[in-house]
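Listed next: structures, encoded as structure tokens.
Consider the two complexes below, in which subunit A is the common component and subunit B and subunit C are the respective partners.
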Partner chain A sequence: MSNTGASANQALDVDVGTFSATQKLNGTTMQLVFTGEADAAALTLMETFLLGIHSLAQDNGVKEVALDLRKVSFMSSSCFTKMIGWVTRVREVPEPGRYRIRIQSSQSSLWQRRSLHALQCFATELITIES
Partner chain B sequence: MKQDKLAAYFELRFRPNVELVSVVRRFVSAFYERIVHDLDVTERLAMVTHELLENAVKYSSDGETLLSIEVEQVGGPRNVLVRTKNRTTAENRKIVTEAFNEANAAKDTFSHYQELMKRASTRTEGSGLGLGRIRAEADMSVAYAIDGEELTVDARTTIPAAVAS
Partner chain C sequence: MTVPLPATIITRFRTSSAEKVERVETAWLGLLEGRAETSEAALVRRHLHTLKGDARMVGFPEVSLLCHRLEDLFDVAETRLFQVPETVDLMMTMGMRFIAMLIMNKPGAAPAGVDLDGFIRELDSVLIEARQSMHPGVDSEARISLVGECERPNRLNGRARDRLGTAATKVFLEAESATGATRERLREAWTALSETVMDATAVPVDDIVERHVRAAKELSYSLCKEVHVELVSRSGLRVTPEVAEAVDTALLHLVRNAIDHGIEPAGDRQRKQKAATARLIIKVSEMNDGDDDAELSVSDDGRGIDWPRVRLLAVERGILSAAAAKDASTAELGELLFQQGFSTADVVTDVSGRGVGLDAVKVVVEQAGGGITLESTPDRGTVARVTFPHAHSRKAVRRLSIAGSPLPIVVEASWRIGRDVAEPRVDDPLVQDVLDALGLRGNTEMSDASTILLERGRERVWIRQCRHVGDAVAERVCATPASELAEIVQVDSTECVLVRPEHLGVRRLPSP
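For the complex of A and B:
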């Protein structure tokens, strides 16, 4: 199933007040922007969002997903687990259909330096961190 | 006397839920900022407080948790202790004991964290990452004690001496 319509794409976006996630599909690249605090309030919607993103990326032959985390001030380990789950799902896709993940991070944020380093080590072949 | 060494002390007894944990994290962040004057240290301590409280919510049998934070100074560097105390079931005490035994047996903190991340990728409930994250990302040592039904978890670190402002 192809899912390229703007309204269908925007339907994935989430906003719980303290956290929001948006996505924009542009050909074979996709831009995700997370903003706020990723904690219990964001947990379920973040998981749903990342599941939707993965399907959308596969349906549209996406080659790269750029995830902007620069405006995320905190992420709990529960939410971090949802990111790990997403990365694991991408790894399980056979190579021709697999997309790379490029994470835009803030060097001034300690959680981003530490957690994203750990995430990159978890899937070095898949993840690039930019700061 | 220990009290003479205390640069700052904070204690909160409450019934946290997952939403309240974030409220407390923001509150203690302001407390840490005033005490440590270092953004990285503040972020580390706030993250550790959040992870300990989320675990307390998960493992408490009656919902009540005591959070205490101590900053102790003798001369130069300061010792920081973040402690949670709550009652737990026998089953949860066993889970916590096993998690600590495994963490303490691990030769390398970061490799152990990577192993926990691998397991977390298939979990549907909880993360199982909190303890590993405190050790690997916040560079804090973690210990636990069980007294009857009461579980105490301590996270400790040493931070640089306060900079005169």
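For the complex of A and C:
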């Protein structure tokens, strides 16, 4: 399935005031940007967003998803669990349909340093961390 | 684990562990948000502890290790009344997810692309930070590494152990022929090698038991139960690493079950007019029946097994007819508790282990060459007995004095000193020169020594310039395989060479 167009993609975007998630598809690369505080208010929407992203990426033959977390000041463990769920789903996709995840993080954020490196341990061949 | 457990046990482990992971995650969130009862903390501890033991038993050591770290992290969180930095919350949550992923994998192997060591490192970093924030200046890192060392089994496969033992023996004998600084260096190398062999071949049972005594005290404290934990005897026994793991696993489950399920809460004990402080006795002893078995017993004075309930369940499940159940002895009913899945059922006993259950404990113990039984009296308590083979750390030997030998020589006592046999001439090729075979050079001739005959069954070996000077018991300090000519042993703390005469020139008598 080919790129379904900007309007269909934008329907996945999430904004709950304190937290937003956007995505942009560019050929075989997808750019995700998370901003704000991912707390309980963002939980369900984040799950829906990541499920949608996974489907969209597979439908469009995406090879890499770049996730920008630099503007995320807080992420609850429940929201983080959704990220782990996403990584687990990607792991389960057989090659060559599997895409890589490149996470852009903030070096100055302790929680990001610790948790993202730990997240990388779930799938070292899939995830790269940039800071 | 050399022999895989039955697939049904692995499946049950996965199912019960997945449930525990989910319960721990829910309880953890509730505790952090202040919604959960404090009893939920005990539930988390219990589940992590059970998961740790089950995982080790069924061959998921990486899950066991992770649980151990999460127990540490949980302790820190509890000490801080669950007011923890977000990194602690994240690592605890991720740790549980990591476990959920690992348990679905093949036992004993992390899935491809998974970096368990890296994850543990991150977890340790968070643990150190959390501890240091509570107790600045305390060397938390040292404590973590120590715990890690304790958890890591010291395993070498049999071939590697044999090779190492053989190499160490050669180094020892070489040192005997060397002089000066070379001799010193070789002796140092021998000491290092033989200690490694010893650690890898014969694990002290007392070390394992003492660890569980400490764990039992901690568990009873965390479950708010007043329990006097007693280690009755120090056995001095050693076991192979394989048996050590089985003993460790059995202890983990039996002790946990006794404290968690067997020993009643203080209120119940008071109502039954029992001593407020419960007793848990762990005993290790060598069995007296002359074989190589030892026994480990775990006794508690708790509520005991509800035998009527066991009878009822046995009938309900079609295992026994009503008549057979009525007539069954408690020993026979005790056997049922080791049947697959029986002990994990809703049996109100002190052995109603949660998770993989007593059947898996039995399999693990039997795989190690041991056995397990239960005795129980309602309201008086339960005794679980585990028999296991101990390492052949001692051997009866015959001491030989060989002319010019720089070292005492011994042979196993299965070799008898022959009598009334026509001796071959000293220069007969049948007469063996032990020192020559060992590569040791004799210095002097022994005037009263003559050729000695060693016999075992139909085997005959003549040893040159040798006499029998008595019998003794030797301690094995660096085992070598039976295919090797020599092994270094200790008799009265003195190093001796145990020679296996069958590898010298043996004359075999014809069958009658």
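One rule holds for everything that comes next: the second predicted complex is superposed on the first by the 128 of 131 C-alpha atoms of A that agree within 3 Å, B and C clash if a C-alpha of one lies under 4 Å from a C-alpha of the other, contacts with A are read in each partner's own complex, and residues count from 1 in each chain.
Following the convention adopted for this analysis, a residue touches a chain if its C-beta (ideal position, glycine included) is under 8 Å from a C-beta of that chain, and two chains touch if they have at least 3 such contacts.
Keep in mind it's a predicted model, so treat the numbers as computed, not measured.
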* So, A:E125: does it touch subunit B (first), subunit C (second), both, or neither? -> second
* Looking at the overlay, does A:I84 come into contact with subunit B only (first), subunit C only (second), both, or neither? -> both
* So, does A:D13 touch the first partner subunit B, the second partner subunit C, both, or neither? -> neither
* To do: Kindly classify A:F74 by the partners it touches after superposition: subunit B alone (first), subunit C alone (second), both, or neither?
  => both
* To do: Determine, under the contact definition given at the top, whether A:D39 touches first (subunit B), second (subunit C), both, or neither.
  => first
* Asked: Now for A:L110: first (subunit B), second (subunit C), both, or neither, which partner does it touch?
  -> both
* To do: Once the two structures are superposed, pull the subunit A residues common to the subunit B and subunit C interfaces.
  => 74, 76-78, 80-81, 84, 88, 110-111, 114-115, 118-119, 121-122
* Give every residue of subunit A touching subunit C within the complex, in rising order. => 74-78, 80-81, 84, 88, 91, 110-111, 114-115, 117-126
* Touch list for subunit C against partner subunit A, complex -> 29, 86-87, 89-94, 97-98, 101, 112-116, 118-119, 122-123, 125-126
* Structure fact -> Seen from subunit A, its contact residues with subunit B in the complex are 18, 37, 39-41, 74, 76-78, 80-81, 84-85, 87-88, 108-111, 114-115, 118-119, 121-122
* Contact residues on subunit B for subunit A in the complex? -> 18-19, 21-22, 25, 39-40, 43-44, 46-47, 50-51, 54, 110, 113-114, 117-118, 120-123, 126-130, 133, 136-138
